[in-house]
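For reference, the structures are reproduced in the following blocks.
Two complexes follow with subunit A in common, the first pairing it with subunit B and the second with subunit C.
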Partner chain A sequence: MSALLERLAPAAELPRDGFTELRSQAQKVLMQHGFPHRKTENWKYTPLTLIEQRAFAGSLDVGTPPAPPALPFDCAVVHMHNGEIDPSATRLPRGASLTGLVADDVDVDALVADGPNDAFAWLNLARLGQGWKLVVDEAVKRPIVVVSTVDADFEGAVHPRLHVELAPDSALTLVAVQTGGGAGLHNAVLDIRMSERSTLLHAIDRSGGDTAWIEHATVRVAAGADYRAFISDAGGALTRQDLRVSLDAPNARGAIHGVATLEGRALVDYHTAIEHHVGPSESKERFRILADDRATGVFNGRILIVPGADDSHSEMNTGNLLLSENARINTKPELEIHAEEVTASHGATIGQLDDDARFYLRSRGLSEREATALLKYGFAAAVFDDLEPGPLADWLLERLKSRA
Partner chain B sequence: MNQPQTQTQTQQQVDQLIQSRYKAGFYTDIESETVGAGLNEEIIAMISAKKNEPEWMLEWRLEAFHHWQTMVGPDWAKLNLPAIDFQKIHYYAAPKQKDRPKSLDDVDPKLLETFDKLGVPLHERARLAGVAVDAVFDSVSVGTTFQKELKEAGVIFCSFSEAVQEYPDLVREYLGSVVPYRDNYFACLNSAVFSDGSFVYIPKDTKCPMELSTYFRINARDTGQFERTLIIAEPGSEVSYLEGCTAPMRDENQLHAAVVELVAQEKAKIKYSTVQNWYPGDENGKGGIYNFVTKRGDCRGDDSRISWTQVETGSAITWKYPSCVLRGDRSAGEFYSVALTHNHQQADTGTKMIHLGKNTTSKIISKGISAGKSSNSYRGLVRVAKKAEGARNYTQCDSLLIGKTCGAHTFPYIESANPTARIEHEATTSRIGEDQLFYCQSRGLDEEEAVALIVDGFCKEVFKELPMEFAVEAKALLEISLEGAVG
Partner chain C sequence: MLKIENLHVEVDGKEILKGLDLEIGAGEMHAIMGPNGSGKSTLGYTLAGRDGYEITEGRILFEGQDLAALAPEERAAAGLFLALQYPVEIPGVNNAYFLRAALNAQRKARGEEEVDSMAFLKAVREQLKALKMDEALLKRAVNEGFSGGEKKRNEIVQMAVLQPKLAVLDETDSGLDIDALKLVAEGVNRLRDEQRSFVVITHYQRLLGYLEPDHVHVLSDGRIVESGDRSLAERLEREGYAFLDDEPAEAAGA
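Up next is the complex of A and B:
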């Protein structure tokens, strides 16, 4: 067993509760297959050496968590600090409730079907503490914001797990605000299940700091349901997001709009997959990465249309700006099409800011810095074109502006 | 009309139809010399001895073999690849002949007839066609045309075995310099057991006076074909090279693992065109060739250019990524490809463009057509290294689906480490438009003709890169391969 496995998943006695069996099953998978490495196709661009170098020895502070950051729009806040939620501090709007997860909520078969490659999802299960389930029964107007923070000197490893269930015809705006801190590991799993005709607007605003921030998200979309993600990520020491949207029934729709603005030595690795299991279904994906300084941006977008999912339509577009000679962009937009009556397309570009545009802005009196910032912002903000105007859009764009 | 006659006629029609689908599927009954099945040092030494190779060549083969024994086969391609028993394959098969023929007049007429049947101009027709041909039958080259005329121009075009004898220094300098034997599993296997192939050397500032062509034919049963092609274009030289291949129809699978190395020095141009028509297997996926080929061009000099054009209609399984290493400043790489899969064929093919020099450019046009129960994947890599200032790439890969049970996949890897590089990639997947079909049919074409016309238009950008005779052949091949794909 590798040293990393020993550190992250020591074969210590596991707590005895409803999850014991699942934990031990996950532990076995991990012991057998270990962690991915450079030659693992899905991890070839993510240097896990960073995680290997960390001790994850720090003990977690059990004191009162700091107050979550204030948000400029009306919302209900669920605060997760160092991987823990204090339910007593949580006030949810009518139609939404937060309960503890039970073993039956975990779809281990799906994890098995994905194979041992999702090592961090298995690790999450192997070290699972208190998981949470957010149930939404009706159309909830007020956005629910899940704020995830860790201490500035956080050096441990936490494995939070959140499930979100939307009842038929329900609606939710779920905002994830994630801010990293110390050099630990935040290895989260997010499992979203959407019933018929439900709608979910899922916004993510993240800056990982020194924390290795890994999130494994799965969204299952039922008939007539509509999932839309809007992501703004500033990256961190190591940020890895797996986001899989499975369109499981007719007229399901899925969309991912994301932008990563990277500076310093930031690294993000986005692995998204949109799977059309039935037609008619529709999906759309737009992703932008802006990499400056010594940053690395990775985007692997996969569109799968399975046999028989006729009348599926999908388009993907990824644009990248390489802004410094030490930055790197690796992108792989994949199409895997097994049905005939479909349309699928992708486009990918890597380039730099247009000198003519910059010259024009300079001639209008903007400084070099302002001109560059404006062009970067314009390039990045285009991914939020499909987001309805309102306080949430304003806030996301404002955050983006401060990063561009 | 009486009943039995009708039956005979029908049978004839069926036979004709089968023949027309894969015209090259006949077998030539010729006495041949085959070494025993299996792969070990003795077999490799035997192949080397048969070719009367120098010591260093055998050493190189054995080094490759030892390395191959430490390797595992690739599993990353989107292919359903049955395990291959490498000990069951005969690694050498050659038509029996006492000495190597001095001229084409000495070549066994049966062999000439075979190539004649395949439309390869080896003999008197060669003069009319004006293309120099090296014909490779199983493991050996049986003849190369126009050698005298080429020699006058200073061009060397001969079989690989001959080159090892006649030009050992050139072979030693360049062999494995583009595709080292450690490169990958099948290239490594090829390095150990390759039996023949073509060798081309174009001297400085020379434009090769005619198109060069190699025709590969697998004939013997249970054999593999492992040929190696090496083309060296000295500064300022230019060559266009064509490659064709066929095999008899058989129920078992046969392995073809080739290596092609191209070296383009300063301002040299190499154009390499392939029409690959190995036996694809029958409509139930029985038989066919496993085509696992490593092709790579090295643009070593500034302003050099390498262009790959391929039309892939054959083979049960294709695993092939003709690549360009753009080392010289302002060097250019091109890749034009049509890959068609039908019935149970599988293809995982594409290209790699590695930009190392400044202001290097590359262009990739890939057209995939899937029909029947086949699977067709484009896999490509565009990598811009840190020092490749001003690199430029344009990629377009389109897939066309015909039928509900086939698959079309695209896996483009794009890696950029230079902020002045510009990379564009576009891909689409769709079926043949009903309105297009309807329009063609309203103009009097039947459905099959309409599909052929649309497919031809879909592939136009690639066909126009092919030399004329090849373009005509490619178009005809595509039409034949698509027969029965609609309706």
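Up next is the complex of A and C:
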């Protein structure tokens, strides 16, 4: 087996506990499929060289985590530091609870073992230590913010796992604020189950820093339930997001609105999938990448409409801005439509900043720098058009403005 | 206010303006007419400082200052405004936000205080109302989804808010119906005073009928070939530009 496998998933067992069985099952899958390599289609733009070069040495000094960043809207904060949550520091609103994950919460049979594509999700399970379950029983008004941070000198590999369960007719705004630090690996799994008629607004604001930041998210959407993601990602040394939204029952809705603003040598790789398993169902996806300097942005948006999922409707649009000669963007809509009574539209553009627009802004008094920033911001902010105005939208847009 | 001397301008290596002279005093309105391809829009872009419009000879003095040394935003802060023939759509950038950012950038460059946001909104609303534009446009992206007429009127709103010393209107009348044309003309006329000057580039007499410019010039093949009062515009309307070929051009700038 590869050196990477030996380093990240050594045969040596973690201390025996309720997860031991699961871990060894996952380890087997991982050993069988191995990590992605250059010929793994889903990973071809994101070489693992960086991860291969890292030692992931040493144990983590948990210590006292630093205070999480303050947020300018009323919310309940769950702080995950170096992959661990301190439950005593967590106050959740009524109708929501956070408990430790138990082995029964993980349905191994439902996990996809698709060659090396999902290796990191299996790795997460193979090295599972702490896992958490957020259960939402009713319509919770206050947003719950999961702040994930790592130390600036963090060099280890952590594999946090969070399951979110929404009861029928419940509602939640879940905000993930993720800030990387040192040259380690933060390999998270997020597993969301939405019951009938529940609604989830899922916002992600991320900057990976030097940390290899990998997250594998699955969302299962039941009848009449509504999932919407709003994502702003500044990338990092290596940032990879898999987001699979499975519309499992009639009238399920799913939407992904995302923007990556990249500079320096940042790398972001988004692989999203929206699967229509029945109709009627509806999905929408808008994704934008702005890549400056020597940054690399990857977007692969898969839309699947299975046979018989008639009356499914999907709409995907991706836009990309190349801001420097050395930046790279790879964008690919991937439509697999196996039903007939459906609509599925897609569009993808790659362009540069418009000189006419820049001149127009400058002729009104904005400096070249201000004009460029405003154009970038305008291009990026358009993905949040569907987000209701309010403190959360204001905050996301402010964050975006600071990155434009 | 503005003095253009023997101006030669190249675009993509091709000479478009070939020795243009023009002097505009404070408070004056000058109309520039001329056939397609005569260099009218090039003059507008050159004044505003667009990249790619290279001055190869001559100079432009704005209040005694050589414009060639100034970036577009510096020209704006100095009091120059160009209403574009084709106003640009800026998706995702809110109209009100953009206009306030522009005004504040200009004020900052001039060492003035930022504008009070309530006073700003009030001023913009008044302008919108005067130009019969929906207030909802303020919240929309700049020019995005605007009709042709709305885009042109939006230029006038911007001009009224930014209060330039010299406004260059590049075919602001093109594509306007008669009602919109009147609104635009009234908007321009409201801004006229003894200090503010205008250059109105147009194909048609119609707008000039409402604006009553002090001087009318004919631009042909990169030079002013004829200057006169308003009656010149009327003659052009009647006879077209054909008569220009029959008369010897003035030895402009010689």
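Annotations for the structure displayed:
Assume the second predicted complex is superposed on the first by the 398 of 404 C-alpha atoms of A that agree within 3 Å, B and C clash if a C-alpha of one lies under 4 Å from a C-alpha of the other, contacts with A are read in each partner's own complex, and residues count from 1 in each chain.
Methods note: contacts are C-beta pairs under 8 Å (C-beta built on N, C-alpha and C of every residue); 3 or more make two chains touch, one makes a residue touch a chain.
Every value quoted in this text rests on a predicted model; they were computed, and no experiment measured them.
In the model built by aligning both structures on subunit A, subunit B fits alongside subunit C without clashing. After the chain A superposition, the centres of subunit B and subunit C are separated by 80° when viewed from the C-alpha centre of subunit A, nearest 10.
Look at A:Leu322: by the touch rule set out above, it reaches subunit B but stays clear of subunit C.
In the superposed pair of complexes, A:Ile289 makes contact with neither subunit B nor subunit C.
In the superposition on chain A, contact of A:Leu162 is made with neither subunit B nor subunit C. In the superposition on chain A, contact of A:Val219 is made with neither subunit B nor subunit C.
Once the two complexes are overlaid on the shared chain, A:Pro333 sits against subunit B while remaining clear of subunit C.
By the document's definition of touching, neither partner reaches A:Val29: not subunit B, not subunit C. In the overlay built on the shared chain, the residue A:Ala96 is in contact with neither subunit B nor subunit C. Between subunit B and subunit C, the minimal CA-CA distance in the chain A superposition rounds to 16 Å. Within the complex, the subunit A residues that touch subunit B are 41, 307-308, 310, 320, 322-325, 327-352. Listing the residues of subunit A that touch subunit C in their complex gives 354-357, 359-368, 370-371, 374-375, 377-382. Subunit C makes touch with subunit A in their complex at residues 48-51, 71-73, 75-77, 81-82, 84, 87-93, 98-99, 101-103, 105-106, 109, 141, 158, 162.
Those residues of subunit B whose C-beta lies close enough to touch subunit A in the complex are 76, 78, 384, 386, 399, 401-431.
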